[in-house]
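Which chain is which? They are A, B, C, D and E, in the order written, and residues in each are numbered from 1.
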Amino acid sequence: MIDLITKNLPALQVVIPLMAAPICAIFNRGRLAWTIAFIVAIVSFAISAALLSQTLDGGVISYHLGGWAPPIGIEYRVDVLNAFVLLIVSGIAVVTLPYAVKSVAQEIPQEKQGFFYTALLLCLTGLLGVTITGDAFNVFVFLEISSLSTYALVATGAERNRRALTAAYNYLIMGTVGATFFVIGLGLLYMATGTLNMVDLAHQITLRGDSRMLHMGFAFVLVGIGLKLAMFPLHLWLPNAYTFAPSAVSVFISATSTKVAVYVLLRFMFGIFGFDYAYQQSTLQYVLLPLALLAMFAASLVAVFQTDLKRMLAYSSIAQVGYMLLGTAFMTQTGVMATVIHLFNHAVTKATLFMVAGAFVYSVGSSKISDLKGLGRAMPWTSAAFVVGGLSLIGIPLTVGFVSKWYLVQAALELGWWPIAAAIVLSSLIAVAYVWRIVETLYLHSPSPDSKAKEAPLAMIIPMWVLAAATVYFGTHAALTSAAASRAASTLISASNIIWQ
Amino acid sequence: MDHHSILRVVSKLLIPPIIVYALYVQWHGDYGPGGGFQAGVIFAVAFILYGLVFGVEAMTDVLPTSFIRVAMSLGVLIYAGTGLYALLAGYNFLDYEAIGHGGHHAQEWGILIVELGVGITVASVMIGIFVAFASRTPKLKDEDW
Amino acid sequence: MQEVVFDLEFIIGHYNYWLFVILMMTGLYITVSRGNLIKKVVGLNLFQTSVFMLYISMGKIEGGTAPILTGDPNTVYSNPVPHVLILTAIVVGIATTALALALVVRIREEFGTIEEDELTEIEEKLEFAEQGDDAIPVSGEASVNKRESGGK
Amino acid sequence: MMTGISLAAVINVLLFTFLVMTAIAIVRVRHLFAVAMLSGVFSLLSAGLFVALDAVDVAFTEAAVGAGISTVLMLGTMALTVTREKSTKRSPVLPIFVCLVTGAALVYSTLDMPAFGTAQAPIHEHVAPDYIARTPEEIGVPNIVTGILASYRGYDTLGETTVIFTAAVAVVLLLGSFSRKKQKRTGKE
Amino acid sequence: MIAIDGSTGILLAIGIPLIVTLFIAAFSRMPNLRDASSVIAAVLTFLVVLDLLGMVNAGQTPSVSLFEVMPGLVISFSIEPLGMIFALVASGLWIPAAIYSIGYMRAENERHLTRFNICYALAISAAIGIAFSANLFTLFIFYEVLTVSTYPLVAHKQTDEARRGARTYLAILMSTSILFLLTAIIWTWSATGTLDFQPGGFIAGHVDPALVPVLLALFAFGIGKAALMPFHRWLPSAMVAPTPVSALLHAVAVVKAGVFTMLKVGVYVFGVDYLSQTDASQWLVWLASASILIASIIALTKDDLKARLAYSTVSQLSYITLGMAMATQMGIIGGTMHIVTHAIGKITLFMCAGAIYVATHKKKVSELDGLGREMPFTFIAFTIASISIIGLPPFAGAWSKMYLMLGAANSGQLALIGVLLVSSLLNIAYLMPIVARGFFAPSPVAAHSLGAAAADDGKRWREAPFLCVLPLCLTALLCILLVFEIGPLYEFLLHIPILPEVPTP
């Protein structure tokens, strides 16, 4: 039995949540669905931890679904990079679910909770499926599972604020356009190579050489994924979606879905393309890099002027995606490593902060900044968690945010790109402005006299502080994450055909 | 709804052949065009027609919503369960070789079972979505069309 | 990258693709430019269907038949892989459409309109109300109108 | 062989003309009922095209889904919302620009595409021949599409089934539970 | 005293203020216990630091490594003479500051004292962490901790004015540290592969000599706490804080952490010898000189007592920067010594300003007429400290200035001696009038005062509460006593390495 499980870990990683979802739907009971979801999340986390430990030495696990060898069949291919991302996604699921109990009970009507957790499980399934697969078209299928369930989850925020509906609709339209672009890109790739398996694609691309189909396939995949990961001018769906989604959903998707999209981008850019260094380099440096910089500044500046905490965090997410893209655009080992480590670091940080926002919504009924005055006293734990997460967002040492920034700046300096290095630190200063506004509101204002805010329940505080502690722990013991990220970067690089700088 | 009596008669006549056709498409998918998905849609169309003509309530009397909910979940479970069965039998996930005697026989049975799962899910999901839409009170009168 | 020569043969071999592109862009245009939420969904459908056509046309082999085995060893079959992919994509498409339309129904219920311009207007009012310290909860068309008249 | 080419070409051109006309009509018509019908017509025409391109399974599905289910859903939505589209005040410049750029990119990519219908394209040389050759031996079903769909790439189809299931879950989450008795306006007070 | 080894000592010195925050939090409803635990922690910390001094004097180098944050970047501590001096100043002055805080804050009926005490202790812990850091990375971490932990102190009053001041404080300190200091550190790291402080520095040979001044500029401006112009604005705007906080900022921890870092970078990153060879710090000499003179002139124009003292601090800090920039041994010794003498002098001045405020609620220099006769202890202490700051013999301040002048002479820049002399004259001009007004100006007529009710016995004002006056008398006394310790201090500071440890064969 043990042997059976260890042999089939990659399949089980996705199949367990996939099968749990319909089971939840059959019973359609909120409490039971939650229990199933929580157990599944823990199992998924254990599986991804096992996968990471198996691949950490640089090994690759290839699993043939249906017993058909690729490229005929669909392959699950786990290396240290996607094992790391799997761990992030399932880990966030494990902490989000206990947190969700109270906030979902408050925000979602009882009779819908069963389906709510079903949708959450489907979202998890989709994200895990996208991450683990080695087949390009399979990415699309699972991307749509996660996207569709996310649209619905965002829309359930309508119970609290009806604007969640328009947010979900806009998200759906832009997400679907993105998915269709992705499909067009895949089609062009397929047309040029005749295969859909990622490894085979990379091989065929080198074999058949350069063509316009590949160039445009690259461009369409970039735009399609760019829409999903809220790359700067394509980010318009994100702020409202994160703001009006139920708290637990904001926590989960902010920490996972953009990260998975960034992973897909990394995989396509370095794992599949790499046929034409000059083309790729110019795309990255003349398109992606400016957009990333723009995101870092524009989105951060917009964040400063927000009046709602959740929306502020959403804009900050767009800026942080800019950091990840920037690391990618460097096209160096350190740059990719900075991106990968920031995937983790930002997931932990942002999840903490959205949990804080959710706790405020739970206790105060609002995440408007003007309603948070003086809560540092009434909600000491929640407010302190905000400070930890906020410091990490700025990139103060001893937090994970610092580690990311360190590697990012180092990557810029290695290339001798001084202005970029300056831009990175400068943009993190803007984070000081928006984070400190909240800190000041929380601690240096007198609470409104009729405020009856109480500390959030323990079920919310504990997950929040688990993440806050992770923010500090991995900020002080970054050897673990940086080793994984560094290994992931070098695996990606050694697998690609690019001549690296 | 008296002025729709012709419609009612015609649809009553139409529904059984549609269902038979759906079943044909379901089982014939190996040989010609068709399969679980198409069959599921056609099957759903029969019920949707019934619902359109006789009202959603009449339809949900025949097909309770709780049944739809279980059916759509069951379809996915049948499909994934086939895979899991293979996995537990020591093969890879979804390897039909685990079924029956292996070879063509296994593949045919495997395909049949998973197509059944697809069919069940698709049919019940389509009916379910229709019910969800149709259960909302229409705001338009007939003459607005 | 090969040299492109625009002779008649090239055009005959490629005009299909260009026609698909035109259809695709029509769909995309509807999605991006129209203000009516249902029309946007229709546009999205159009866009996706045209992409499907592009896929299927790749698989076509001149003189080939549908990929259903005939038993004759000399038969040329068109490429079945795009068909499989597009079957999946169609299903994803209808799933998206259903969800989008459900959202449209809910939006109409909550906001009283499905025109993007009017929605933006209402949302801006809501935003304004949310920003004020004494935000009055606004719900439905009626109260929005009330605020409008009250604001004058 | 020549007649085959020209016949296919004629059918294609005819279908295309209708498709483009329908698409333009959809852009211009404001009555949503007509739009829904035209969208159904578009699906039917494309199904015809799929048949011409040897994709019978796809044609079948497109007809059932595009002309059937989605039309029903659109009509159902209209019954619950409105039937006429209002004119928008927004400028069409940006959408046109986006479409032109995207279209140009696509046309650019087609320049390197193998000519329509040639058997020497990469996609006919790699992997696909394996499917055609191996299906009779390994799967034993005559419909190759079914063989790939349900066996070789069966996992994609599991995903596809899950997508459909997800859609149902999503719609139920949005429009309330299935049972009519619980149907209450859940709008915010 | 219990025998402790070096690494435990370091951890204790940093840890005691940290641990005491728990006690403070626990005693938040018992004010006496809470405040007493601060004072006890201060005494204990000072004793531990003294113990460490003993070890250093015995020729040991206590050091300890905690954990690796990122590969190659370790949190570790190691004691060298410069850090030892700073730790002594910070922990030693915490004792009077803690006592004074009790007196002041209670007399002013300030609220949120638990938060105040916790942040105060955190700041001290961070300062000692900075003092003992064995590498730039550790130093940077504690530097940021110091910034963050002092922010609530500056904003303590929670008024709009306080929030605004605190915002400026945080904005300047944080942006300079992230923008310049962090960049400088990462640059150093990517150029040399190490961040460990080494005697004689480790930059030489790794960075293009033409870029060395740029790197130095990043460091000099990045260390915003040294209040080098033009990044000095935070210091005057932090004046909104309660006076014990100003004392902490100006004397005990914050600005001293800044100039200490400046010296440390000069000595252990660049190396004094390397700096003097490359003339990389020449521009800094002139900037510091300008800073000294301009800040003194601005101080002259300020009528608000605390603002005047704040600009005086800006000017005095640049003495220390100047000492580093001269790149001579005497300059470094003078600079380090000035950390000590200025700290003691300035803490006295601030405590006096606070005592005056507590007793009379007067903030402006022009209101102090005749107060010296009514508050003799406060004003005598003020006078002693002023003379020390000005640098007139026999008080301690005279010696640090003398060494700085020697340094200037050694580096052959005689103009600097002129700068130092002129600035001393300016010091006299802005400090002495205060003393003169206090003692010699006639008291304003009772009718002019709004609070005229107390004019019966002719003595309208009394000294501030005992707990306010006692510490300032102690530190004033220290200004005098330090004169007798200048010799040993000088001997001790001679150990600061000027050349690389391994001389080239």
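The definition used in the following text is that a contact is a pair of C-beta atoms (placed from the backbone, for glycine too) under 8 Å apart; a residue touches a chain by one contact, two chains touch by 3 or more.
Keep in mind that this is a model prediction, so the values were computed, not measured.
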Set of chains adjacent to chain A and to chain D: B, C
Most distant chain from chain A by Cα centroid: E
Chain closest to the assembly centre - both centres taken as Cα means: A
Which two chains share the largest set of C-beta contact pairs: C-D
Chain located farthest away, centre of chain C as origin (C-alpha): E
Approximate Å spacing (C-alpha centroids) for the pair chain C, chain D: 10
Distance between the centres, which are taken as Cα means, of chain E and chain D, whole angstrom: 73
Chain A and chain C, separation of their C-alpha mean positions in angstrom: 25
Whole-Å gap separating chain B and chain D, where each centre is the average of the chain's CA atoms: 20
Contacts with two or more other chains, residues of chain A listed in rising order: 18, 21-22, 25, 65-66, 137, 141, 144, 148, 151-152, 155, 158, 162, 184, 190-191, 196, 211-212
Chain D: positions in contact with at least two other chains: 56-57, 61, 65, 69, 73, 76-78, 80-81, 106, 111-114, 121, 123-124, 127-128, 131, 142-143, 145, 149, 151, 153-160, 162-167, 170-172, 174-177, 187-188
All touching chain pairs, where touch follows the definition stated at the start: A-B, A-C, A-D, A-E, B-C, B-D, C-D
Touching residues (chain side chain A, partner chain D) in the complex: 18, 21-22, 25, 65-66, 68, 71-74, 109, 111-112, 115-116, 118-119, 122, 125-126, 129, 135, 137-138, 141-142, 144-145, 148-149, 151-153, 155-156, 158-162, 184, 188, 190-196, 200, 204, 208, 211-213, 215-217, 219-220
Of chain B, residues touching chain D in the complex: 29-35, 37-38, 41-42, 44-45, 48, 52, 56-57, 60, 65-66, 68-69, 72-73, 75-76, 79-80, 83, 93-94, 96, 103-104, 107-108, 110-111, 114-115, 117-118, 121-122, 124-126, 128-140, 144-145
Complex contacts: residues of chain D adjacent to chain C: 1, 4-5, 8-9, 12, 16, 19-20, 23-24, 26-27, 32, 35-36, 39, 42-43, 46, 49-50, 53-58, 61-62, 65-66, 69-70, 73-74, 76-78, 80-82, 85-90, 92, 94-96, 98-100, 102-103, 106-107, 110-119, 121, 123-124, 127-128, 131-132, 135-136, 142-145, 148-149, 153, 156-157, 159-160, 163-164, 166-167, 170-171, 174-175, 185, 187-189
List of chain B residues in touch with chain A within their complex: 69-70, 72-74, 76-77, 80-81, 83-84, 86-88, 90-97
Contact footprint of chain E on chain A as seen in their complex: 391, 394-398, 403, 405-406, 409-410, 413-414, 421-422, 425-426, 428-429, 432-433, 436, 440, 443-446, 475-479, 482-483
